[in-house]
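As written, the chains take the letters A, B, C and D, and residue 1 is the first residue of each chain.
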Amino acid sequence: MAGFLARTGMRDWLFAYVGAVTVWLVTVMIADGFGAMQTLTAGLGFAVFYVLVATGQMFVIATGPGNIDLSIPATVTLGAGVAMSVMAGSDAMIVPGFLAAIATGIAVGSFNYALIRLLRIPPIIATLSSSFIVQSTAIWYGRGLSIKPPDALQDFTFARLQGVPVMALCAVVFTLVMAVVLRRTVYGRSVLAIGQNPKAAHLAGVDVERTRWITYTLSAALAGFTGALFAGFSGGVSLDMGTQFLLASIAVVVIGGTSVAGGKANLPGLWGAAMFLFLLVTMLNAAGVGSGVRQLLTGILIIAVITAAGGEKRGR
Amino acid sequence: MTIDWRELVRASLPALALTALLVAIFWLQPRAMSYQGLNLLLNLSIPIVFATLAQMFVLTVGDLDLGIGGFVTFVACVTVTWLADAPLIGVLILVAAIAGYAAVGALIELRNLPAIVVTLGMSFVWFGLAVIVLPSPGGRTPEWLIAAVRLRPPGIPLAILAAIVIGLLGHLLLMRTSMGVVLRGAGGNPRAITRAGWSMLRIRMTLYALAGLMGVLAGLTLAGITTSADANLALRYTLLSIAGAILGGSQFTGGRVSPIGAVLGALVMTLAASFLAFLRLNPDWQIGVQGAILILVLALRALLDRVAGER
Amino acid sequence: MSAFVELAGLEKRYEAVRALDGVDLRVAAGEVLGLVGHNGAGKSTLINVLAGTVVPDAGRIEVAGEDLARGYDVTTATDRGIRCVFQELSLCPNLTVAENTRIVHRQIKGRGWQARARALIIGTLDAIFPGHGIRPDRRIGDLSIGRRQMVEIARAFTETETPVRLVILDEPTSSLDSTAAEQLLAYVRRRQADGVATILISHLLGEILGAADRVVVMRDGKVVADRAAAGLSRDDLVGLMGHVADQPGEGQGRRRLDAEPVLDGPGPGGRHRLELRRGEVVGLAGLAGHGQTAALLDVYDRPRDFAAVGKLAFVAGDRQSDGVFPLWSIKDNIAVRSFSALRRNGLLDEAAVTGLALDWQKRIGIRTPDVRNPILSLSGGNQQKVLFARALASDAAIILMDDPMRGVDVGTKSEVYALIRQEATAGRSFLWYTTELDELVHCDRVYVFREGEIVAHLAHDEITERAVLQASFRSDAEAVA
Amino acid sequence: TGDTSGMRIALSNNFAGNSWRQAMLKSWDEVSSQAVADGIVAEAPAFTTAENQATEQAAQIQNLILQGFDAIVLNAASPTALNGAVKEACDAGVVVVSFDGIVTEPCAWRIVIDFAGMGSAQLDYLAEKMPDGGNVLEIRGLAGVFVDDEIHSGIVEGVETHPQFEIVGSVHGDWTQTVAQREVSGILPTLPEVDAVVTQGGDGYGAAQAFRAAGRDIPLIIMGNRHDELTWWQEQRDATGYETMSLSIAPASAQVGFWVAQQILAGREVPHDLLLPTLVIHQDELDYWLGQTEEGGVTNAFYTLEWTDQMIEAVAAGESVPPTPTAE
């Protein structure tokens, strides 16, 4: 059993799901069995956004220690702003709007990569610095004004199939595709190789720089895309809409079982972790605890999940 | 002995950046070039210097501390409440907090956990505790502490004096003592350290406790300067301390740290923000330019590195 | 002679693998014990137990007559004067040479500790490797792997309060050139007089026979022979290790001046061109750390400058830092260089990956029950074989080898030599940096490096140990070419 | 009053990342550029910090002192944590006027908004609309911040006066519409029927979205003067006769700060604690105010020197302050 868990990588992400289910059960108990399914539905709706940004963050983190994308929140906001102004409330412009958001992300990602590569700035600082610039751009671009999304987009984000958000179904498909990209494409394997040992990867014929560029660009493009979708879901852009994704993107990735030491990533964990985080807050809200205690418990539970999952086994 | 240029340039970069910033500020605002001026410019750097050193101690074992901002906030909140009202309990809480930091280090080592996530979790814990200790902004820093940070030593502003003393002490402890070597070695190759019979558990706990101690000092001095606190006071110190430490030449791959560099890095981070205020930018771009300055300084480092590397 | 160390009935299992299967070993004071065995025989595991870094599942450990099996650990070992140079380096790359010395000596502390550490390590380095040229304030990470190994060896012989009684050297010479290796062996013999015992593990059997008083042979976790070195021959040892004796001495090199060049560019230093023809095996010789690795990397990173024809692959010698992907399985480590070629419809074909790995496991004899096991479960030599397999399995026409035989056992070596020859005949070209002079006979031509430059070019019939050494040291080396 | 044409006033702002702050900066820009053009002051630039942090703003204030400004108009990150820096400014002879986010340091002036009143007013309105009471969901702001605390205490007070209401759930929306939406979505399934939602400004639309996503009946949601909220309210009103109220502080309160500072510099005796009314929109005023509100922005007012003058007089005399000026 242990061997099976280890081999399939399930050992890494199982605990996120165990955590999510536990928290959910407690919530249902607190609410006297009230709204059990609706809670899950609401959670799935929000998990979509977490999972999307975390997917990009995960690829970045997997490229090795020190790699992290802090520009995600700013990119979400800018992407949302660009998309909404391109769409300008018209259903016909939805696709161009999304493309514009993705293009914005690609630009930000390339800029991040250029800072890291050309100026050799540690990624954490490079993306932090660029996030300030992107944030300024978003302010300058949007002037803090909120533009409404097209109706069709809004309807899509609220659509349900058998009580499951359609958006979540699409995102699950996306996750599956990305899982294949990670395991079965040369790009995905290159990410994992670089994450373990960039020098060895280079000597083993991996195009290290191209892989890193794609990775940072992927992360930012997903952030831009998520921004556009999120603006549809929340009925418009606001300058602070990205902020919540900073800690969330990192927490979802790591609770989901991706190693911050690099070289290891897994996608199923993202959903478990995203649901865990959402349901955790719900549970504490439902229990009606004060904000101090809520934060305290959030912290303790995050540590508990990660401790239960245990660290990586040391090599010999 | 010949001079290692590469190392020299690396080490002197934060100092160069600091000098450049100071010159630019003096040029924009000659008034800053006085005792009072320097004092105003730099007195908020004292807690940042401590926080950056805390971050550096954690970086020493190759970990990253995302909780230091929350911790400093928590300490400040305790300072304006318990330490002011019941000093004995206040001191006990602070000592327990340092022990808490060491315990986090122990947990990370024993369970082989990624520090970045554990400290991320701890940032919620510290923030939550801060809100519990001080639910709404207020409190009053003990007078002795306020007086201490308002000290005007003759000739040299307190912030500069403090920076020098802290930097030198840190340097002695980590770079010069025989114990410091073991602590840094643990970041470079933990296996070699264990094979030499040292306990990684004790090493990690020591470094985390040192980080906790620095965090406490940061919280105390911060509370001294602000005279009262709130639960969101210093959350930003997390990123600030990381940026300062990296700017000062520390690296994420363990064991390569520099206490003096960290102090200088913290000063640069403090001054960079001030410098912007002197520039009178359009508010839209004030935030962006902070990013640009960070990029500039680090790019300079990369450039100097490359030049030095070609020697 | 009374035994200084006595080990009995040691057992250690790693899941299905019996790394130690009831091993007895005794070492007398002042004795030089040679320990040999194929890759994965259990040598490193055995000495790890003795050094206190691996806890055996069962067995008795006695040091200087004291029964210590329970709670035996690193401190117990060092307190009794047992030192170990591990197969994989255990220095802290971020610390200086002197600081790394401090790490193993608790007594070096207090005022002036730095000066003492510096003096201690430099004194020992001078004693073992005269003319080493290592400064005590250099950071380990900035040293070449050969120099690092010197530092680590010297560190093991440094003495503070507890006298050194036994030094364990696990393949100490794998990254040393022959000069340094001889210096080390001479030093070991000198220290015998002070009663310092040595356990020497090496795959260079000549070294073992020359230095050891007694030889212990291990096979599959068991000791299969324990003989006095006198009277043993190389063939005897090879036989005891379980291989068919086979003299590597005969190189079958031919000149291939007629084949078209696949690599041609200015060699480092500019005095000689670096040339490689199709089907040729060209050696890069010289003392370790004289720019051979750098030359290989130059070619690898800028193939266009060398007019390279065809793809390149690299076999790393420093497997820890340049070769292995520690989180991956053996099969992925073999296949990584060929991932692009193993695609079907754009996706990696897992069956093809496994097929490739199994094929090469067989061809190159990687000892593992399952290629899906993690790479780190392999012994050092077997990991090195994986790196070979990675390059040979690829579509590369030119293979660059950075002293790739570090830690590979004799049996495998001769297999690999044959493999290289076979591949060369099939049209592949090899650029081969080696620190082992014996290996140069397998080359068609040799470039000798000194101080980062090519100083000599030896054609096949000019390749002799003497000529290479002469070029490595003499300042007017060009005359040889 | 005296001449201030050579004097310099700075705006110290701690946060720019939402529409309210953007409108505030714009209001400041309007009043200050006009005043500079009219020769009332020499200059009046705005300074903003990157992150909503007291430590950064304290450093900024110290800088402004260094730059020799005569007055600093301050929207503070914390009512207490800036006291050290504010004291320093006062000691250096700089006039400090705080508004919206005020500071407790006695030497500074405060343009106080009755935040607690904003909380209790919501319950008063609910009591009027639903005399039988009902279940209330509370959306709070950012934990540990004083405005959040004040409004919350007002709401608690309101529930005490109108005990027919019960707060069945409370979440922190961090004054961010998307966070509010997320938190409400999470807690909603665990709650019984919700009859009303009380807010702190700007979270109403997010709450409405959350109810929509959950497929629940939309309760009475108190709005916070954002364009999207008002538009939604208008649509609901036109469709179903939906009734609610909306209230918030006008971003132009920065203009009051400017005029107060200017008056103090001109030598006028001004009480240290001034009052600013909240901008309340009732059902019948909706169309007017929505028409005044910039697309995607926040409902705003325009405060003149005259209005400020009246307000100072009223406060000094202990009378009630004039209402928020309307455009005409």
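Definition applied: contacts are C-beta pairs under 8 Å (C-beta built on N, C-alpha and C of every residue); 3 or more make two chains touch, one makes a residue touch a chain.
Source: prediction; values computed, not measured.
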item: Pair of chains joined by more contacts [C-beta pairs], B-D or A-C; value: B-D
item: Centre-of-Cα separation between chain C and chain A, whole angstrom; value: 44
item: Distance from the mean Cα position of chain D to that of chain B, given in whole angstrom; value: 35
item: For chain C paired with chain D, centre-to-centre distance based on mean C-alpha positions, whole Å; value: 72
item: Centre-of-Cα separation between chain D and chain A, whole angstrom; value: 33
item: Multi-chain contact sites of chain C, meaning residues that touch two or more partners; value: none
item: For chain B, residues contacting two or more additional chains; value: 130-131, 135, 231, 286-287, 290
item: Where chain D touches two or more other chains at once, by residue number; value: 16, 50, 143-144
item: Pairs of chains in contact (touch as defined earlier), listed by label; value: A-B, A-C, A-D, B-C, B-D
item: In the complex, chain D residues that touch chain A; value: 16-19, 21-23, 50, 140, 143-144, 169-172, 174, 176-179, 181-183, 185-192, 205-206, 209, 212-214, 226-228, 231, 294-297
item: Residue ranges of chain C in contact with chain A within the complex; value: 300, 313-314, 316, 321-328, 332, 336-337, 339-340, 343, 346-348, 350, 372, 374, 376-377, 390, 394
item: In the complex with chain C, residue positions of chain A that touch it; value: 7, 180, 183-186, 189, 192-193, 196-197, 199-201, 203-206, 259, 263-264, 315-316
item: For the chain C and chain B complex, residues of the former touching the latter; value: 51, 53, 73-75, 78, 84, 86, 89-95, 99-100, 102-104, 106, 108-110, 113-114, 135, 137
item: Touching residues (chain side chain A, partner chain B) in the complex; value: 65-66, 70, 115, 119-122, 124-126, 128-137, 139-140, 247, 250-251, 254-255, 259-261, 290-303, 306-307, 310-314
